[in-house]
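Per-chain numbering from 1; labels A, B, C, D, E and F assigned in written order.
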Amino acid sequence: MLLHLSTWPEIRDALERSKTIVIPIGSTEQHGPTGLLGTDWLCPEIIAHEAHQSGADILVGPTINVGMAQHHLGFPGSLTLRPSTFMAVIGDWVRSLTLHGWNRIYFLNGHGGNIPTIQAAFSELYAEASLAGRPASFALKLGNWWELPAVAEVIARHYSTGHGSHATPSEIAITQWAYPHAVKRADYTPRIAGAGPIRDAADFRLRHPDGRMGSDPGQATPEIGGLLVQTAVQGLLAAIAAFGRE
Amino acid sequence: MLLHLSTWPEIRDALERSKTIVIPIGSTEQHGPTGLLGTDWLCPEIIAHEAHQSGADILVGPTINVGMAQHHLGFPGSLTLRPSTFMAVIGDWVRSLTLHGWNRIYFLNGHGGNIPTIQAAFSELYAEASLAGRPASFALKLGNWWELPAVAEVIARHYSTGHGSHATPSEIAITQWAYPHAVKRADYTPRIAGAGPIRDAADFRLRHPDGRMGSDPGQATPEIGGLLVQTAVQGLLAAIAAFGRE
Amino acid sequence: MLLHLSTWPEIRDALERSKTIVIPIGSTEQHGPTGLLGTDWLCPEIIAHEAHQSGADILVGPTINVGMAQHHLGFPGSLTLRPSTFMAVIGDWVRSLTLHGWNRIYFLNGHGGNIPTIQAAFSELYAEASLAGRPASFALKLGNWWELPAVAEVIARHYSTGHGSHATPSEIAITQWAYPHAVKRADYTPRIAGAGPIRDAADFRLRHPDGRMGSDPGQATPEIGGLLVQTAVQGLLAAIAAFGRE
Amino acid sequence: MLLHLSTWPEIRDALERSKTIVIPIGSTEQHGPTGLLGTDWLCPEIIAHEAHQSGADILVGPTINVGMAQHHLGFPGSLTLRPSTFMAVIGDWVRSLTLHGWNRIYFLNGHGGNIPTIQAAFSELYAEASLAGRPASFALKLGNWWELPAVAEVIARHYSTGHGSHATPSEIAITQWAYPHAVKRADYTPRIAGAGPIRDAADFRLRHPDGRMGSDPGQATPEIGGLLVQTAVQGLLAAIAAFGRE
Amino acid sequence: MLLHLSTWPEIRDALERSKTIVIPIGSTEQHGPTGLLGTDWLCPEIIAHEAHQSGADILVGPTINVGMAQHHLGFPGSLTLRPSTFMAVIGDWVRSLTLHGWNRIYFLNGHGGNIPTIQAAFSELYAEASLAGRPASFALKLGNWWELPAVAEVIARHYSTGHGSHATPSEIAITQWAYPHAVKRADYTPRIAGAGPIRDAADFRLRHPDGRMGSDPGQATPEIGGLLVQTAVQGLLAAIAAFGRE
Amino acid sequence: MLLHLSTWPEIRDALERSKTIVIPIGSTEQHGPTGLLGTDWLCPEIIAHEAHQSGADILVGPTINVGMAQHHLGFPGSLTLRPSTFMAVIGDWVRSLTLHGWNRIYFLNGHGGNIPTIQAAFSELYAEASLAGRPASFALKLGNWWELPAVAEVIARHYSTGHGSHATPSEIAITQWAYPHAVKRADYTPRIAGAGPIRDAADFRLRHPDGRMGSDPGQATPEIGGLLVQTAVQGLLAAIAAFGRE
């Protein structure tokens, strides 16, 4: 089910069947000359919605579409929440969700830069219980789509070089598969972008003039995108099942 | 243009043409027995995206899909940000957007309960400049889709009774037009729901047992939804143009 | 009773009789060439204290005399709380008051610019209960003195033109009635000030060079002020009674 | 001048003459069986307004009438700001005042429990400049009315025993002088109340069952109150003059 | 016992014997031409650890080594927490400690500039209980080492002139005794430094060019340092015992 | 140099030579039946101070001795900062340090649980510059001592089994080497502790009854501790040099 296309009585009934929910979470940020600004929230949304479409009995919540992307602010269109704001947002979502009874909340993440803040947000939430001397009533999990079971193998097989860590061919391929009318083309120079530490936005733009980090997005194709999505859907369902047993 | 389906060079170029951006903003909350939980963010998103589809040269940012809905938390699936969190979110979006050069930010809103917090967030942002003794570099505007030029007339014509203020036939009609596969049916008793003050979630549920406020959503049809969308699109374009002249 | 001129045993006894309290709330901000900086907190204080003086059995708390007035900071003497600070203040007042047992807290407001932040503060307070899954133990109400029963009629009768929305003849008349030694005179040019959107302080001062918004304060007289106060006192008592029945 | 009874052009002109302003600051809290809940903000307001009445050319701002009184919450009618909120309030007042050009801000305090938080608020404000590596443009001073020049001598002369530290005969005498219609009487048992450490509200009420700390308020008279006010007025003017030379 | 050199089972057993813990708290800030930057946290740590070494059955927690020192930021090496941050830190320490069962938490302080913020932090913590209408489960106490029983007498005997209030010979003597390899020498001009109000860092540096306030640190010797430590150890044990009886 | 044993003129001179500083950062938390509560801050402090002792020209600041350890609160003596507090602390340290001119701040970390929050704090700090559209004046780096060059090899060689992830033999060995009088012994059952996800404190204690995670601390010896320290010292110097070239 997609929560946003359901009514409250439907959700009330769904809670009878399962206390697990998937929240796609990502970022709106530059993805190089051809990557969409929405790439990092589109990917987990595409995968989670496809899991729903494929007939799996999972519940998918709305997508968190802006995350922690301060280092990308040197490129037009990038949006960021400060980590403190992002933590407050995750906190209020979790408080709302657990109030209704969900006790396994799985954040399907599309942006590496979100990871520390999401984990810090989890600790902030757990600390409420821990400092009060009571058990938390819920478990939180962060899953990055590119680390779902079998996905790394697909990436390695198709992108043995030039995958990189930002504006990767795999994430761009996924958006190409889902949004074929929004496929963009450009010449990449150099073909594989450089790497380096991540600091503030001005530093990032100097080190990464076109926005890519270590990647050659020219290798992206809708076909590989589709393959990645199908693989990730299976991986997601496996990960959710494992989450329930932990 | 849709920002999330654009690249940063495309946005860089768009900023040469216009410094105005539209941000759909809403809420994920119960909308009675048949309204979708996403109604309040779907409506402004539908209208803004349709404006883009219709060929208008407007730029639409990502949608803020969770707002201030604490009073709906008595119904499963409703999510809320506390006002303080919501203000921080709006603050970081505006800071990111103005950094890139947008100086007219139009929030197209779908949820009455968001209004005070959005306005307080605007004041918080303006206060940074005012307390520093310098002019703000941007103007912010809140537009509720149901108050766009000519929309009220359409509503009055079709829903002279039982429009109410929550889970209204007009907002449900819009989602029916856009998501025909997600149209839900139920018997409403009473046909027109009661009204009352809005306080906390427990009080709200007692006063409004099925979630509606003063409305008869049974009057919603996809056809009227489509008419509302077309009217709102024209109203939005007029409102943006007026904003640019203020 | 006036809380600040009472002892704690007197308040303890008063709480046996009623759980309702009135808090005058306003702002310290410019009110044009002749309006007092305290106008917006003096008006609700004058009305509430006069209700007490007139023999009504109401309890009036201290006055909140600085509110949200960032847009007036371009004029000397204006003070503001940022919305986030203002919300924290209202929160602590309400927490203190409800701890003692008051469960109907009526904020009698004198400043339009306060409205969104006060309402956001109410939501923030209600959200504590709503997110905890318990009913709130209190009800909060915002009443603007100019919207009290019958007051609008008096205003319309005496100020059919040039009432405007800031530095209005009605609010100035009230302070003239209560503080006859502080009546100020000036020539107004133009007689009726212009209107416009409200943004930051620099923008406000440019649009409203002498601080007025749409008003002709020259129409203010102590006599009309007294009439407004008497009308508002009756309106306040009616509003409080209605609040108790909601 | 009293700021709240002045217009903005009057304040603009006053700023030409002096950059010093006095802000009365206190608390709304229980003051034993006979002390007024407003005692701690009434005393500095009475003294500052009397200084103005006496013809001195000083500017007095609005009164901050709720401070840090968490330990008094066990007694009905006491209000508190948490220290964090109180610091935010003082911060916004100071930011507003210094924006207009005041650079010597003298807080005339009436509540011992406010002292640490006011000083912490000063440090928070100074830290903005210090951490930015620039000089602060303003000086802040906290003056307790009972420590103004010569006041301690008057207190010692009239209240050699039973002055105590809360609900003191001197502060009650001042309110008796200013509000003769609000003088309350009660039997005090014991005549001089006990002392002890200050912790939370429940602990305070246990240690100080009627709210007094070490005091015998039965010694208060309007006459001594008047004497204290006159002495404090002179002390205030001397303190302000010294502040300007520091 | 020293908490940081203990295991959790040892601490579990210690909690059976006593619910009191000592937390050394200070600051990292300039201490004139010869004082160590760590002076203010070293002194309470030296005293508390020496009390443990001397065989007393006390439990000493880790040292808080950065406090409120914004006014010293004009001198290289000084670190500060803003008061709001410092309060949050003290809050989390106290919440952690009381969770384990400690109910008497004694902060042995080495920095005068910390006092208001520590006291405000105590009030913030107590206010949680007070606003919730329940008793606090703990008592907090601030003890400055120079005010421990008998310490003032030792100071007065040895440093009748030139003790001052910052970079005092007594605090420097204590660090000389404990860190003999880190004794520094310099010529002081003037021999006794000037005094003055404390504001922001730039103002402080102007008033106190070498960092001292009213002191002649040249009088410090390791011998007097050792005497001060021994006296303070006895004073600390007496203070803790008294704390337990309050 | 050790900052806390230096004077401000010494630090002023040191800043002429280098703009890099090392801050040991850790946690106070249970480390199983025999691990010291201070293990996680002692290890980086030991390594950094030993680097200084060995004659390297590095500057070491005070140690941050409490970090993010909410999951350990089920064991007596564990202390935590909430992530939001921890971020504020790191922020104020960095603001103080960069004010003096340090522009390469290396946090030598001893606690895995700190990593997300430290990284989020870095992003929060960088975001100030990024959102202001200016370059940051500093670079921040997080180095975990167990990931310093060559350290992993030493660990792998000596602890091929039972190293685990908490209360590891390597960290305990380091404290044994540095604090030989505080070496503790216990029987471990099972010899190698179990592993599992980290959530709140109650969950953690259930999964890890004696506090260890996957480790056999019985393998710790002071000799291996000394070897680890020497290796880490060299690794730290190499890491700092590399940081300067990045």
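In the analysis below, a contact is a pair of C-beta atoms (placed from the backbone, for glycine too) under 8 Å apart; a residue touches a chain by one contact, two chains touch by 3 or more.
These figures come from a predicted structure and were not determined experimentally.
Asker: Considering only chains that satisfy the touch condition with subunit B, which of them also satisfy it with subunit C?
Answerer: Per touch definition, common to subunit B and subunit C: A, D.
Asker: From subunit E, which chain is the farthest off, judged by mean CA positions?
Answerer: Here the answer is chain B, farthest from subunit E.
Asker: Let me have the rounded angstrom distance from the C-alpha centre of subunit A over to the C-alpha centre of subunit C, please.
Answerer: Distance between chain centres, rounded to whole Å: 47 Å.
Asker: Provide the list of subunit E residues touching at least two other chains, using ranges where the numbers run on.
Answerer: Answer for subunit E, listing residues that touch two or more other chains: 73, 80, 82, 84, 92, 96, 99, 131, 133.
Asker: Which two-chain combinations touch?
Answerer: A-B, A-C, A-E, A-F, B-C, B-D, B-F, C-D, C-E, D-E, D-F, E-F
Asker: What does subunit D use to touch subunit C in their complex?
Answerer: 3-12, 15, 28, 30-38, 41-42, 61-63, 65-66, 73, 75-82, 84-85, 88-89, 91-93, 96-97, 99-101, 179, 182, 184, 186, 211
Asker: Hey, which residues of subunit D end up touching subunit E in the complex?
Answerer: The touching residues are 68, 70-71, 73-74, 80, 82-84, 87, 113, 115-117, 119-121, 123-124, 126-127, 129-131, 133-136, 139-141, 196-197, 199-203, 246.
Asker: Under the definition above, what is the set of subunit A residues touching subunit E in their complex?
Answerer: These residues of subunit A touch subunit E: 131, 133.
Asker: For subunit C, which residues count as touching subunit E in their complex?
Answerer: Against subunit E, subunit C makes touches at 92, 95-96, 99.
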